[in-house]
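Just below sit the structures, each encoded as structure tokens.
Each of the next two complexes has chain A plus one other chain: chain B in the first, chain C in the second.
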Partner chain A sequence: MAKPRIATTSLAGCFGCHMSVLDIDERILKLAELVDFDKSPINDIKRFSADCAVGLIEGGCCNDENVEILRAFRKRCKVLVAVGECALMGGLPAMRNGVPLKECLREAYLDGPSVVDGLIPADAELPLLLDQVYPCNEVVKIDYYLPGCPPSADLIWEALVALLTGNDADLPYELIKYD
Partner chain B sequence: MMTSEKITFYIDEIECTATQGQSILEAADENGVYIPRLCHQPDLLPGGSCRVCTVSANGRNQAACTTPVANDMIIENGSEEILDLRRAVIEMLFIEGNHYCPMCERSGNCELQAIAYRLKILAPRFPFMFPSRKLDATHPGIFIDGNRCIQCGRCVRAAQQIDKKPILGFIGRGGAVRIKASSTEGLKGVDISPDDACVKACPVGAIIVKDTAYRKPIGERMFDKQPIGSEIEARRTS
Partner chain C sequence: MTAMDTKTLAGEIKAIANTEDNRRTRLINVVRKVQLSYGHVSQEMVGMIAEALGIERVEVEGVVSFYHFLSGKPVGRFPVYLNTSAVSEMMGMSEVADAFEKAAGIRFGETSGDGLFSLQYTSCIGMNDQEPAALVGGVPFTSLTAERATEIITALKSGNTPAELVEKYGYGDGNNANELVRSMVNNNLRKRGDILFGERENGAAIRKAVAMTPDEVITEVKTSKLRGRGGAGFPTGMKWDFCRRAESEKHFVFCNADEGEPGTFTNRVMLTEIPDLVFEGMTVAGYAIGSHKGILYLREEYIYLLEYLEDVLEKRRQAGLLGKAVAGRKGFDFDIRIQPGAGAYICGEESALINSSEGKRGEPRDRPPFPVVSGYMGHPTLVNNVETLAAAARVIEQGGEWFASYGSGESSGTKLLSISGDCQKPGVYELPMGMTVRVALQVVGAQDAAAVQVGGPSGTFIGEEHFDRKICYDDLGTGGAMMVFGPRRDILETVLNFARFFEDESCGWCVPCRVGTGLMHAKIKKIMAGNGTRTDLEEMESWGRSIAAASRCGLGQSAANPELTTLANFRKVYEERIKEDEYLTGFDLERAVEDACEATGRTAIHE
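Right, the complex of A and B next:
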């Protein structure tokens, strides 16, 4: 039987959650026995090659490209897991939600104290910023949530094993943290 | 009238004793049974506003901090129904403010977060509201971040009842209620110091004394290893 496939992506996140995935240390060998990795920054595969059992989403949606990728993950993955505070509630990037987008851009690119010859980037190649940073579940249906900034490697491991084996996750007190 | 008459009651089938006149929450504490609470603080009159302490008492949902315990009362504290109701209350507190735990100096020592951990909340079931709230940074030593205030009123009651100076209060109504220093100049305009009971009363990161953050590394903070309420449960004899 073919191994289940797993895909991962980092949207408006800092890659910290992916670092935490790698932080499972030698258990990564066991993971490689359990699954095949599809599209993911870990193997640098850019396109889906097949439908996946599990998709891990790091980061929320701050631009149109994030939305597009997240929707593609929803289409191709049977189970979507929001990994980390940014995917779950917007996280640090969502701190801009209280400030109008124009003001954010003006402060960053025109009025900021270290800006010289400021210019608001507007190249057509750049993804378009959204008015707010959106938690993933406001864009697509999310099946499971792993909190933490980042979630600990143990939490990610417990959750993955539970998902892949169809058992309930055993989440002791120390594993659930929001920071 | 308070009398010292002893009464017997039951929490999740544990036989407990209490003194006539005690609240369910006080009596539970003495018997080593933890009932989660946010607006309650032992040295203040009960506020009864957060509803996190809701238990089923003789079949009716009641706030344990304001309901007197009665002889033969049957209390449910740990049923799935009560736990889920509490989870919902805690989740609502998270979504209606701006609680960015990763960047809050109170993280690890925050009662709201600790109760969420204890109840094993992975994510709120309600959509985040991202309200627009103000920061009062007018004072040199203390600030109030309205984004993190859960309107528990502990600071307001502590200012009145312990510090004996009504320097904090709520303005607005319903969902628009906000904590505020009672001066048009904000905190700068009131007589407040880091040692005041009203400053120490805040269970979350809404009232912060400057230059005190991040003194303990992750792993050694108050609720990193021990769930909130462990100290109460340690009192349990039977």
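Right, the complex of A and C next:
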């Protein structure tokens, strides 16, 4: 029987959540036995090659490219898991939500104290910024949430194995306690 | 600015600080005066104020950014603050707003090029029975229409003053026409009860009190079963007792006239018509707890009453009812000062009120310690509502038993209700505690009411099936607000208004309230846009409960009440709007990139 496929992506995140996935250490070998990796920065595969069982999303949506990728993940993955504070709530990037986008751009590229010959980048290659940073569940339906910044490797591992094997997840209090 | 100008300005600001004795605790007063003189508090002025008072800039900046009526950017010479309360919206606020924009040639949020006008929205200014209302150049204008708004702007442009306009439109009833008030506000006091508006003689309560021991005074208040009228309903006698027993060299009495709960305007009418009774209550309380100083915290929106109230105080001093040896009682010195607010609903919360009076941001404190133990400047402090203090004076004058003979059960006395919305006779009514909503509706001429909101946004929304419930502490509590909605009103519009109110007014200290009020607001918008699902309703209920449980003060603890009480009592209104889909996004990519397209001159291409 073909192994289930798994895809991951980092949207408006810092890659810290992906580092946490790698932090499962030698269990990564076991993971490779359990699944095949599809589109993911871990293997640098850029496009989906098939529908996947599980998609892991790090980061929220700060630009239109994030939205398009997230929508593609929703289409191609049976189960979508939001991983980490940024995906769940917008996280650090959402700090800008209190300031109108145009003001942010003005401050960063025109009026900031270190700006010389300022210019707001407008290259057609660049993604367009959204008015706010959106948590994933405001853009598409999310099935599961793994909180943390980043969620610990053990939490990610336990959750993944449970999803892939269909067993109940064993999530002791220490794994989901954050202070 | 030239160096010379800067020097002159610094000198002027120093002089302003001097009028407040350069006291750090009077920071709000200093900043208010600067705002009034220059139309804003610039970064430069912030530095000058900090220097004059010997404090850090950040303390001044913190205050300027906290209060609605203080501004870092210049407002117009005649700033317009249009009331956004739910009833204002019902009575045609948006047409009035359009007219203001057209006449002034600017949008809300802007200041006109000639520096004459700025347009801003503000939370309820306590005029719900004469909406739409606005403060223009600090002066209340009531029952506005689009034509009126245009006329006001045109007249101010051609050199008239707000005061001249008010004179032309005619002064309001009662003391609103007093030469020190000269306001077009109306009391609409439609029912005078025996307790607050009964016959009385100035000083009677004080004379009676000083002939008793403080403990006897407190016992009398306990006998009356009087409870706080500000919302929480704490037994007044017990509070006085706690404060009296807290040891300290000083004690303070605060009268809470922040009256920020939208739909509440009873305190305004009391301060206009029976200020003596309120001051009498403060004085009696001062005697009972062993205090020499009372402070009336007056919301900025009611500052048009300041001169008049100062005059009342002065007359009381002359009559020996304030000052040294009050009413001839040796050793009982008591005086009252008025502390103006600067616009913030949260400042009605007692510990925020105290912070604000100490010249700080109006953020609540951790409780305990409660103010009765450690309040103003760390001393035991009694904070009571305007109506509570007035009632207490009557208790001492006429006896606790007399007072307790009014009302029902644990809710003794009368309650002032400020009733507004879809009714024939909006205004203020003194009614016995414990009357049913139905009776109140009959009295105001609102027989076809479909929904009633009791207690303001932090209170309860009820429908027909609950109209036989009683207005009292054991059932429907209220600080005075009661808003009536006719059969054609959309309840969700009001819930949306309330949700926005809480998001705006959250002081931001704690996450459940700061973030939660934003989330609830977003949910209501999502549902109203037709993107709501059953999951959204469930999430609102569960998040609402979390916000209430995890917030630090009363604002957050009741911030989800509009949603929670309407989900409980008007579920159908939501059910009609939501869809049966499992998930619906409220997200609109094209709209979300609009700003970026404008800023970069690009066009969005999405599949």
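Descriptive notes on the structure:
Operating definition for what follows: the second predicted complex is superposed on the first by the 176 of 179 C-alpha atoms of A that agree within 3 Å, B and C clash if a C-alpha of one lies under 4 Å from a C-alpha of the other, contacts with A are read in each partner's own complex, and residues count from 1 in each chain.
Basically, contacts are C-beta pairs under 8 Å (C-beta built on N, C-alpha and C of every residue); 3 or more make two chains touch, one makes a residue touch a chain.
These numbers come from a predicted model, not from an experiment.
With chain A as the common reference for superposition, the partners chain B and chain C occupy clashing space.
Set against each other, chain B and chain C touch different numbers of residues in chain A, with B touching more. When the two structures are aligned on the shared chain, A:95 is found in touch with chain B, with no touch to chain C.
Contact with neither chain B nor chain C is seen for A:166 once the two complexes are overlaid on the shared chain.
In the superposed pair of complexes, A:177 makes contact with chain B only, with no contact to chain C. In the overlay built on the shared chain, the residue A:105 is in contact with chain C alone; chain B does not reach it.
Of the two partner chains placed by superposition, chain B and chain C are both touched by A:138. Of the two partner chains placed by the overlay, only chain C lies in contact with A:128; chain B stays clear of it. Residue overlap on chain A between its contacts with chain B in one complex and with chain C in the other: 132, 138. Residues of chain A that touch chain C in their complex: 64, 67-68, 100-102, 105, 120-122, 124, 128-132, 134, 138-141. Across the interface of their complex, chain B is touched by residues 82, 85, 88-92, 94-95, 97-98, 132, 135, 137-138, 144-147, 149, 171, 173-174, 176-179 of chain A. The touching residues of chain C, when paired with chain A in their complex, are 582-583, 585-587, 589, 591-602, 604, 606-607.
Those residues of chain B lying in contact with chain A across their complex are 98, 100-104, 107-108, 113, 116-118, 120-124, 127-128, 130, 132-133, 218, 224-225, 227.
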